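Chains: A, B and C, in written order; residue numbering restarts at 1 for each.
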Amino acid sequence: MNIVILAKLVPDLVEELTIDTSGKALDTAWLRMIINEFDDHAIEQGILLKERGGAQVTVVALDIEGVDDVLFTAAAKGADRLIKIKGDFVGVNNHALARAITGVVKELQPDLVLTGVQANNDLDGSLGPLLAGCLEMPYVGYISGVSVAEGKSKARKEYPGGLIAELDVTLPAILGIQAAEQPPRYVAVSKVRQMMKTSTIEERTAPGLDMVGGPTISRMFQPETGQRATMLTGSPEEVATKLVGIFKELGVL
Amino acid sequence: MNQDIYVVIEHLRGQVAEISCVMLAGAHELAKDMGGSVVAVLLGHNAQGLVGNPSASSGQFLAADKVLYIDHPALADFTSDAYQKALANLISRDQPRAVLFGSTSIGTDLASTLSIKLGLPMISSCRSFSPGGKFVSQICGGKIMAEGDLPGLTALVTMVPGGYKAEQGMGTQSPPITQVETPALESLRVTLAKYVEPESGDVDITKEPILVSVGRGIQNKDNIVLAEDLAKALGGAVSGSRPVIDQGWLTTTRLVGKSGKSVKPKIYLALGISGAPEHVEGITNSDTIIAINTDPVAPIFGVAKYGSEIDLFDLIEVLTEKVKQSKGG
Amino acid sequence: MTANGTGTQSFYDQVLEATPNGERLRLCLQCGDCSGICPFGYLMVHPPSRMIAQLRADRFQKVLDTDTVWMCVSCYACTAVCPAQIPLTPGLMARTKEELILAGNVPAELQSALENSQRYGNPLGESPRKRADWATGILPEVKIMGKVRKKVDVLWFVGDYPSYHPRVQLITKALTKVLNALGVDFGILGPEESSDGDSQRLAGERGLFEMLAEKNGMAFNKYEFNEIITTDPHAYNAIKNEYPGIGISFPIRHYTEFLADRLEQLKPLLKNELKKKVAYHDPCYLGRANGIYDQPRALIQAIPGLELVEMSHNHKNSLCCGGGGGGMWLDGFQWEKAHVRLSEWRVSEALATGADILAVACPYETPRFEDAAKTVQGAGQLKVMDVAELLNEAMGN
């Protein structure tokens, strides 16, 4: 079975995000890019499928700072092939990215494509379902469990409240992963360093970037930030009275 | 092309999802600028009844100017392939000004693929619309907002909750229902095998309007009853942070935080909780957080709206008493 | 077969080769002192002596199949008591944890701490750019080497928890005031400082330790200073004992050693009388691992009015707080097995001496003991203070 996993790097929310001088995009100067958490789960799910039933796992990622580490870490977990797509991806929307990787994914002839169900910087949909449109493959998202047998896959789709729908999906198909069946495994730094010496990352170039379909942003801004709590002081009686007042204001009493 | 705003109604096992009403509210806002009607698009099988009783609140109807209803056995339960094909037909035929989808397990299975398939522009994570036909979307965990003009063709938009209240999308009149021609839905590549029910536990803290939450400061199991008394008086439930669950003073169904649940009560009263990030992660959707902690540098004060350094043991019984009095009990 | 696909024999040899004095493993008498003194030994399926027995019987896989080695808090008690002087903590325990990590068997909390260390240079997952934020607003301004770019007398290696944890930041600020009062010419690396890596090393991530050490080495080499002092005994241990092995070598002292040297200069500044009973807790990596027992005590006894008392476990057989060597990040895991925290045990011992204050000298200890004091009956009035905070208070700052 041939599994292709798409991995994206997204802004790390631990760092402070600021808007650049144009007022329309994120300032990239201090931006730290890390692997999209859901793509990390997609990688884990792919490796699990390989461990269970045998498969060739290829990880495809776009060339952004930090991508080599992401790919070598995937190799250390068990990925067989690593492909990096080169191009200038700053400010490029998901429609363009989906079109850019269509050719490579087609060439790989996957049975199953796994990718994270969403990324924190998505403004024009997510990569998975967009690619499904380009490749005319079925797409199901919010997946938390996958099994494959005889050319068909069974996927567990999550709904709110913990409800799960078990679906039969004909392959080839794209699945948007919400959570792998186990949390992404840890890889020792020494193992990743070893992969850097022994694995190779294949390179492909993206054909021109076609952004049609994405929105035009006229303004990016930060919502009003909260401030430190208003502190209530006094005796227990006084504080309790103030709290009851607040409860009343909020309509619960 | 018309100036109508279409809203794809989401429903699951006979219940209309709250996001549908939020989207209808948004659609009305947008329709003011666009000049068209708000059209609810309902796909299902023998599902006309869903137009009334949205979110199981009786006597309420979907607040739309009209409903377009597509009936087919393959649409009885949501599956991406069937719904996509049905919607593709409808959107191509009608070419509305915009189609709103939920940014959910249902909506996100549809919008992006339709965007490519039909060559239509798409916007995701939209929270609200502002005057002049503008959308406002949120990204990066809500830390960044992006605004722009609604694109000129039929715009496909996925919406997140937060900008409108569901009540604004419910009405007292039943809108007229027009049944649309049933499309051919064959060779479907995604089919439903079965549903798997979630585990039922005791209280579902994610549904409680008021949570009285305890941390290490509660000190021992015997003191939990103080929190229970207060919760009962307020009409809520007790939850806790990790150390309390670790100690076995509360069951894991009450755990709030990274390894537990994300809660969104009206009031989250944190007693003796320091506010470590793993816990705070689970409470950021609360309407109002009130924190009681004797430690002035407890991180919880950075996310709470109100706080007090008073000792929770000095406060709790007095507070319970006052709440009871206020309710006349 | 171990995770690396090598046999027990090979693991045996690797431990012997990889650790200084590792060959002493062959001298084990199976006396069981190590397992007996281990604070969590009673919960391990294979406490240290049994681990060696399994190694000898070529059945080490049995040890690797259980996860009880994660109960080890790297407190060094076993190493200190071993009559054959086997380097149990850095050799056997750390190496076994390494095998488990290579096999992907890592408790979730620890995994987060390790991933954060890799990504952000600190296990807390805080932005490296904010590492010196604690110093904002302090006057005189704390010198950040990257900004001042001139030689300083002392490079103060601040550490992870002292930089980011709100409670421990108070200790960092107190120490800043003490150093300023003594007129010490010091600077900090700020955002260029990475975790010392010692706890990560002891938790089995040798590769990560080396990566962090290399980064710190590069930062050290950029600037001129006469010596390094640390807030954290773990950083002290790493830079003193482990960094030279990777080619990074600098004169290094723990802040208590540094201040004890200046006791004559310090004494007249300790104007305030603190009439309290103080029990001093010997941190594992200051005391047992590096033999520094007297200097912190000298500092405490220099404060007028303070009465120093000893807990029943003190000096070499001091009880670990449970934080070092990865213990801070195995709290939930260890709790599941033990239903007791080492920090609570220690707080009870402090109470038994009638102490008002439990004095510490390691950044993990203050938050751990303060948490424990909330749950131990009768400990509500016990204050936990770092030696730096005691000195600061005595100075009237």
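Quick notes
Basically, contacts are C-beta pairs under 8 Å (C-beta built on N, C-alpha and C of every residue); 3 or more make two chains touch, one makes a residue touch a chain.
These figures come from a predicted structure and were not determined experimentally.
Ranked by how close its C-alpha mean sits to the mean of all protein C-alpha atoms, the top chain is A. Compared with chain A, the chain whose C-alpha mean position is the greatest distance off is C.
Work out the mean CA point of chain A and of chain B, and you get 21 Å between them. If you average the CA atoms of chain A and of chain C, the two centres end up 37 Å from each other. As a whole-number value, the distance joining the C-alpha centres of chain B and chain C reads 45 Å.
Among all residues of chain C, those that touch two or more other chains are 125.
Every residue of chain A that touches chain C in the complex is listed here, in rising order: 12, 14-16, 30, 34, 183, 185-193.
Only residues 98, 101-102, 104, 106, 108, 111, 114-115, 118-120, 125-127, 129, 205-208, 210-211 of chain C touch chain A when the two sit together in their complex. Looking at the complex, you find that chain A touches chain B at residues 11, 13, 17, 19, 26, 94-95, 98, 117-118, 120-126, 128-130, 132-134, 138-142, 154, 156-170, 173, 176, 212-223, 226, 228-233, 236-237, 239-241, 243-244, 246-248, 250-253. Note for the complex: chain B touches chain A at residues 12-13, 17, 77-81, 104-105, 108-117, 119-125, 134-135, 137-149, 151, 158, 189-199, 209-210, 234-235, 266-267, 287-288, 290-291, 301-310, 314-315, 318-319, 321-323, 326-327. Those residues of chain C lying in contact with chain B across their complex are 125, 166-167, 170, 332, 335-336, 371, 374-375.
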